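Should a chain be cited, it is by its letter among A, B, C, D and E, assigned in written order, with residues numbered from 1 in that chain.
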Amino acid sequence: MRKEFFLNAALLGVLLAFPLWAWSVDEPYLITLATRAIVFAIAGIGLNFALGFGGLVSLGHAAFFGLGGYVMGVLAFHAQTYTPVMGWPLVINGTKSMPTIWLIAIALSALLAVGIGALSLRTSGVYFIMITLAFAQMLYYFTISWPTYGGEDGLSIYVRNGFPGLNTMDPIQFFAICYAILLIVLAFVFAASRSPFGLALGASRQNEERIQAVGQVPFRLYLTAFAISGAITGLAGALFADLNRFISPTMFSWQTSGEIMIFVILGGVGRVFGPVAGAVLFILLEHTLGGLSEFWHIYLGAILLGVVLFARGGLYGMVAGREVAHD
Amino acid sequence: MSLILFIEQALNGLQYGVMLFLMAAGLTLVFGVMGLINLAHGSLYMIGAFAAAAVAGATGSFLLALVASLVCAAFAGVLVEFFVIRRLYDRDHLDQVLATFALILIFSEGTRWIFGSFPLFLDKPDWLSGTVMLPFGIEYSLYRLWIILVGLLVAAGLFWMIGRTRIGIRIRAGENDREMIAALGVNISLLYTFVFALGAALAGLAGALIGAIQSVQVGMGEPVLILAFVVIVIGGIGSIKGALVGAILVGLTDTLGRSFLPSFFGLFLEPSSAMSIGASLSSMSIYLLMIGVLLFRPKGLFGGI
Amino acid sequence: EGVKVGMITTLSGGGAGLGVDVRDGFMLAVAQSGRDDIEVVIEDDQRKPDVAVQLADKMIQSEKVDVLTGIIWSNLAMAVVPGAVAQGVFYLSPNAGPSPLAGAGCHENYFNVAWQNDNLHEAAGAYANTAGYSNIFILAPNYPAGTDALNGFKRMYEGELSGETYTKLGQTDYAAEIAQIRASGADSVFFFLPGGMGISFLKQYADSGVDLPIIGPAFSFDQGILQAVGAAALGVKNTSQWSKDLDNEANVAFVESFQAEYGRLPSLYASQGFDTANLMISAVEAADVNDKDAFRAALEAADFASTRGDFAFSTNHHPVQDYYVREVIQEGDVFTNKIVGTALTDHADAYVSECAM
Amino acid sequence: MTEPILDIRGISKSFGALRASNNINIDLRAGEIHALIGPNGAGKSTLIKQIAGGLRPDTGSVHFDGQDITALSTAARARLGMGRTFQISSLAMEYTVLQNAVLGALGHRGDVFRFFRPVMKDAGLLATARASLEQVGLEEFHDARVSELSHGQRRQLEVAVALTLSPKVFLMDEPMAGLGAEGSHRLMGFLDQLRHKAPILLVEHDMDAVFTLADRISVLVYGGIIATGPVEDIRGNPIVQSAYLGEETAA
Amino acid sequence: MSLLKLSNISAFYGASQALFDVHLSLEDGQVLAMMGRNGMGKSTTIKVICRLLKHRGGTTMFGGRDIKRLPAHKVARLGIGLVPEGRRCFTNLTVHENLIVAAQPGEWDFSAIATLFPRLEERKDQLSHSLSGGEQQMLAIGRALMTNPRLLILDEATEGLAPVVRNEIWDAIARLKTQTGMAILVIDKSIKELARVADTAVILEKGRSVWHGAFTELTPDITDRYLGV
C-alpha cells in the first residue's frame, strides 16, 4: 500500500517534471510526447474502469475513443467552415471551445456506451470481447467510407481548439490542460474504486450470484461502469484529436482498442494508476526503440513478453506487490 | 440478377466459408478447447505461408511446401507453448492477450527480417490449376473445390478427435480444471503442447493453402485473426461444429452481401450512392451478423455452458 | 549552407516495402550527390497517422529540419502535410498525392514529386480508349483513394461501364467480384487494388477462367510485388510515369547504380524517392534553404535530371509529365515491365484550377 | 396459527423429461425451522433456486409476506428480505472477509450507486458487518482474503453475509456441509437462536442437525413432497426410513 | 515399509505457512482417518501428497519412492486416487466422460461404478454441471476409483450425501479395504462413521500433527480437546 502510494506520487511527479524540463530547454516535441502519454493514459483509465473493476473486457473501446475524436473533429470542422452540423430538426452549430467539446464528447460517448453496453452485456467472457469489437469495427468501416468528414483520409483541424485564458497552441499550456484532466479523472476513479459502487462492481466481477443474493442487479452495475468507462475514453479521444489536430478512422480501428488494452495490462489491471504507468512505459519504449533499428518491433515484443512472464500483474504488480489493494 | 449468378455466388460464399473454417479450426482448438486467447494465431498462419513459399520456391513441389507449412508452424507452436504459453495457463486471459500480442510483433518483424519486406510468391500446382464445369454451366476453380474438400476433412478429423477420443475428453477436462486432471494422473502439459502444436499446424496449413491464391506477406495474419475470432464466436467457442457452421454463415453473408447489396440499394437510390452505401454495409455485414447471433444466443450457435 | 531533411516513412509492418524503397532511392541520390552537408533523419511511422503527426512535430520542433519527405500513404499525408507546411518547412511528397492538397488545399511549401493520386488512373482511362475497350468493368476499394481512382479513370474513359464495384479495404477473396465480372458481359477490366489486395485479385482472376484483358495503375505491377504475383500478371497492361526501361541517361544510371547498391531491381517507389532527393539537391545547389523564397523558386524550377525524362511542376506544385503504358513480361526468372506506349503526354492534373497559388 | 411468511403453491419444474419439481406446496411460518430433506437429486436445490429467484418455475407461484413474487428477480427478492446461502460457497473470492460482509450490508441498505464516499469507512455498514461476523465466529478473520479461507470458514462467512441482510426468511442449502463437528455444533446453536429473528427453510443432510433443530420436516422424493410433519412423524415414517435414512440411523 | 509416509512436512501458501510439522504414515490395506477442526491443514496435507502444492521441508514417500520431485500426474500414476474437497467434477464433460477421462485398467470399470452408484448410470450422458450436489459427489468418487489406485484419498467425500448413500459409501469403503487391500486416507467429520472403518487416525491442529495412533485409542478426552466434541 505504501509502496503503491509512493509509486503513484513518483509517476505523477515525473509526468509533470519531464515536460517542465523539456520546456526549459526548449524541446517542445518532448512536451508533446508527454501529453500524448497522458492522453493515452486517460483512455486507459477509462478502459480500466470497465475492465479492471468490472471485469468487462472490451475490445471495442476504440469506438469511444474515436467518437470523442470525431466529436471534436466534426464540431471544429463546422466551426471552421461556418456551416451548421445539423440544420434540422434543430440547428446545431460547430464550436471551437474545448470545454464544450469535452462535455459533448463525454455525453455522446456515455450514450454510445449505454447503447453498446445494453446489447453487449447479454453476453459475457470472450463473447463480450468480440461483440464489443464488432461494434467498433462497424464504426470503423462506416467512417472509412463516409465521405463527408474525409473517409479514410481523415480530417485536419489546423488550429487547436480554444480554452478560455490559455493559448492551446503552446505545447506546455496544452500539456497543462491535459495534466489537469488526468488528475481529475484519477481522483474520480480513485474515489469510485473505494466507493460503495466500486465495492459492488468488484463483487459483481468476482461473483454475480453473490451480488444478486445481496439484492443488487449486476446488469445495472455493469452498464453504469461501462458508460463511465466509455465517457472517460471518449474524453481522451477528444483530447487526442486536439493533440494531433487531426482525426481519422484509425482511431476506431481494433488496433487502437488493442493498444489501449495493452496500456492497461502493462500497467496493471484494476490498479487506479496502472494505465498511467502502462501508457508512459509504452510511449517511452516506442520513442526510444524506434530509432534503434528497422526491426525495433522485435525488441518491443521481447520487452512486453518479459513484462508478462516475469511481472505478474503488470508494472504495478511487479513493484507494489501482487495483491490489488481494495481498502 | 440471374439465378445462375446467385447459385455461383452462393457457392463462392460456401467456399469462402470453408476457407474461413480452415483459418479458424486451429483457433477453436486452442482457444475453445484450451481456453487460451492466442492472438499469435495469425502469425502462425503467416509462418505456414512463408514456409510454404520458401520451400515451394526452392523445390518446386507444392506437396513438400504443404508439409513444410505444417512442420514449421507446428514447430513454432511447440516453441511458443514451451517458452511462453505454458507459463500463462493459470493466468488471467489478459496476460495471454499481452503475451501473444508481443509474439505478433516478434513474429511479424522476425519474418520481415528473414524474408524482406516484399510479398513472396506461392502458387497452386499445375495439377490443381484451371477450372471445372459444374452443373448449370458454372465454371469453377478446381483449386477452390479442393480447398472445400480439405476443409471438410479437417472438420471431420477434429470433430472426431475432440468428441470421440479420450485425448479429446482429457483436453476438455483440462480446460475445466487443469489441476484436477493432473491430480488424476494425466500429463496435461504434454497434452497441451500437443494441442497447441496441432492448432499451430492447422493455422500453418491454412496459411499455405490460402496463401497460394492470396498474397504471402508480412501482416497477412492479423485480418485473418479477427475473422477467425468472429467465426468461432458465432459458432460457439469450443465447438468444431459451431466453427464450421459459423464459418459458412460468415462466408455466405459476406459474399452475398458484397455481390447483391449494392444492386439492392440500386433499386431505390441513384447508382453511385447505392454503390458506396451497399459497399459500406457489406463490409459491416459480418459484424452485424455476429451481433445478431449473440443477441439471440449469447453463447454462440453451438456454445455450451 | 547544408540542409536537414526529415524522412517519415513506413518501415515496419505490412506496408514496409514501399517505405524501404522510397528511403533507399532517396539515400542513393544523396550519396551520389557527394554532398556531406545533407543530413537525413529517418523515422518509422508504422503506417499510423497519429504516429506520423507526432514524428513530424519531433522533426520540426526538436530536430529543426528544413525539409520533410517520405510519407507513403495519402491518409498519413493528409494528417501531416497541412500542419508541417504551415510551420514553414518544405514538404516534398515522394508518393502520396491526395486531391485536396492539389486543389483548394495546395500550399507554396508543398511539392509533389510523384503524381497526383488520380493521374495513373486517368492514364489508364486514356489507354482504355486507345485500346478500343468499350464496355469495361471497374473496381476499387471503398475508401477515398478508391473513389478517386474510379473517378480518375472515368474522367478520361469514353466507353460504357459494364459494372462498377467497391470492395472492402483489405479484402483478400475476390471470387464474388470475379463472378460478377464474368456475368457482366464486360470486354475488359480496370482495377485499383494496392498491395496484397492486388496480388490476391490477380492470382484469383488468373485461376477463374475469365480471360478478359485487364488494365491497372502501376501499383499492382511494381517490381516489389510482381514476383509475388508471378505468371498471373503476364501480359497485363499498366500505366506508370516511370519504367525501368525508360531510355534516358538519368534512368539508365539510376537502374544500374540501384541494382549495384542494393542487389535488387528498383521499383517505382525507389525511382520516386530518387527523384525527390535529386529535386531537393538541385534546389540546395541553387539556393540557401534558409532563404525560403529562393529555395522555393529553385524547387519550382525543377532543374534536375529526372529518371522519367521531362519533368516540370504546374502551378499547384504537382508534376507535369508523361504517363506510359507498360506490359508485364518475363526476363529469365524475373517478372518485370516493358514500355509499350504512351497514354498521356505532358499531363498535369484535374485540380490545378482549384489551387489559388 | 399465523399466516405463513413464505408460501409456495403448486410449483412444478421440468428439465427435459426430468420432472425436478412436481406440484410442490410448502410453507414457512414465523419462528420455525422447516427442514427439507430427501435423497440426492430429489430436487431440493432446484426448489430453493425457484424460491430465491435463480430459476423460473414452469407453473405455480411463490408468495412472500403476502405478496406474489413469482415474477421478481433474485435481486428484488433479496431486497424484500430473502437471505440465502448456497450449497456450493458463492462469495467474492478476492475480497476480504470483512468486505464480503460489508457488501451484504451495503446491498441491503441499497445505495450502491454512490461514487465518492469510501465504503470501508462507513460506520453503519461496518457495524452491521462486524456484528454478523461475530455471530458466526469469524471475528478474527476480518482481513483474511476469502480465497485463503478453508472450506469450513467459507461456509461460516456465507451465513454471515446472509445475516447482514437482516432478512425476513432464510433459505439455507446445506449450511453444515463441510463444517467440522465442532463447527456444526456451533452453527446449530446459532440457528436455534436465529429462528426467532427469521424463520429458516433448511436443506440439510446432517440428520443430527435436522432432528435437533427442525420444527417441521418435509420430505422430497423425485420432485414431489411425500410427507410433511413434526420430527417424530417423519422419523417414524417407513417410506422415509427406507428411501432416505437407511436402517442404521433410523434405529 | 509404509505405503505412504510423510515426515516433518512444512508448506506455505505464498508467504503464509499452512503446515509446520506434519507426520503421518499409512500401510497397504489400512484406513487412516485424518481429523481436525476447520482450517487446520487437512486439505493442505492432501495437496502436498498429491503434489498440487509444493512443500518446503520434510519428505514425502509413496511406495518406497521419494515423490518430492515428481510432477502431480506422475504421482497420481503411481497409484493415488483423489476425491477432492468440493468435488471438482469436470463440469463441461458428461458423467460418462468424467468417469473415463483418467481411467486405468483394473477392477473398477464403468459397470462396477454403475453398480455402486446406479444414479450415475441413469445420468450417464448428462453434463455434470447440472447434476445435484450429491450426484456430483458420487461422480467424484467414481472418477477416482476408475483410476484403480493403491491409495484412495477421500477429502470430505460424504459431504452433502443423503444418509442412505453415505451408508453405502461407508460400506463400500469397508468392502474396499477388506476385499481389495486398497489403502484409504479419509477425512470426515463424523467420528461415529469413521469408527466403522478406520484403523489409525491422525489429528491436525494449526498445521501440526498433534496426535496419531490407533483409532481405538481415541479417547473422548482427545476428541474433545482437538475436535471440540
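Rule of thumb we're sticking to: a residue touches a chain if its C-beta (ideal position, glycine included) is under 8 Å from a C-beta of that chain, and two chains touch if they have at least 3 such contacts.
Everything numeric in this text was worked out from a predicted model, so none of it was measured.
A.B. asks: From subunit B, count the fewest steps through touching chains until subunit C is reached.
C.D. replies: The fewest steps needed to get from subunit B to subunit C is 1.
A.B. asks: Which chains lie in contact with each of subunit A and subunit D?
C.D. replies: The common neighbours do not exist; no chain touches both.
A.B. asks: With chain centres defined as C-alpha means, what is the inter-centre distance between subunit B and subunit D in Å?
C.D. replies: Each chain reduced to its C-alpha mean, subunit B and subunit D end up 48 Å apart.
A.B. asks: Cα centroid separation between subunit B and subunit E, in whole Å?
C.D. replies: 44
A.B. asks: Take the average of all CA coordinates in subunit A, do the same for subunit C, and state the distance between these two points in whole angstrom.
C.D. replies: That pair's centroid distance is 36 Å.
A.B. asks: Once you find the CA centre of subunit C and the CA centre of subunit E, what distance in Å lies between them?
C.D. replies: Taking the mean C-alpha position of each chain, the two centres sit 74 Å apart.
A.B. asks: If I count partner chains per residue in subunit C, which residues reach a count of at least 2?
C.D. replies: 12-13, 16, 20, 142, 147, 166, 168-169
A.B. asks: I need the residues of subunit B touching at least two other chains; which ones are they?
C.D. replies: Residues 108-109, 112, 276, 279-280, 283 of subunit B each touch two or more of the other chains.
A.B. asks: Considering every pair of chains, which are in touch?
C.D. replies: After working through each pair, the chains in contact turn out to be A-B, A-C, A-D, B-C, B-E, D-E.
A.B. asks: Write out the stretch or stretches of subunit B touching subunit A in their complex.
C.D. replies: Those residues of subunit B that touch subunit A are 31, 37, 84, 87-88, 91-95, 97-99, 101-106, 108-110, 112-113, 226, 229-230, 233, 237, 276, 279-280, 283-284, 287-288, 290-291, 294-295, 298-300, 303.
A.B. asks: List the residues on subunit D that touch subunit E in their complex, please.
C.D. replies: Residues 15, 37-45, 87-88, 148-153, 156, 174, 177-185, 205, 207, 243-246, 248-249.
A.B. asks: Hey, which residues of subunit C end up touching subunit A in the complex?
C.D. replies: Subunit C reaches subunit A through residues 11-13, 16, 20, 43-44, 48-51, 53-54, 57-58, 60-62, 74-75, 78-79, 82-83, 86, 98, 100, 142-145, 147, 166, 168-169.
A.B. asks: For the complex, which residues does subunit A have touching subunit D?
C.D. replies: 188, 191-192, 194-200, 202-203, 206-207, 209-217, 221, 224, 323-324, 326-327
A.B. asks: For subunit E, which residues count as touching subunit D in their complex?
C.D. replies: My answer: residues 13, 16, 36-40, 43, 85-86, 119, 130-135, 137-138, 156, 159-167, 189-191, 227-229.
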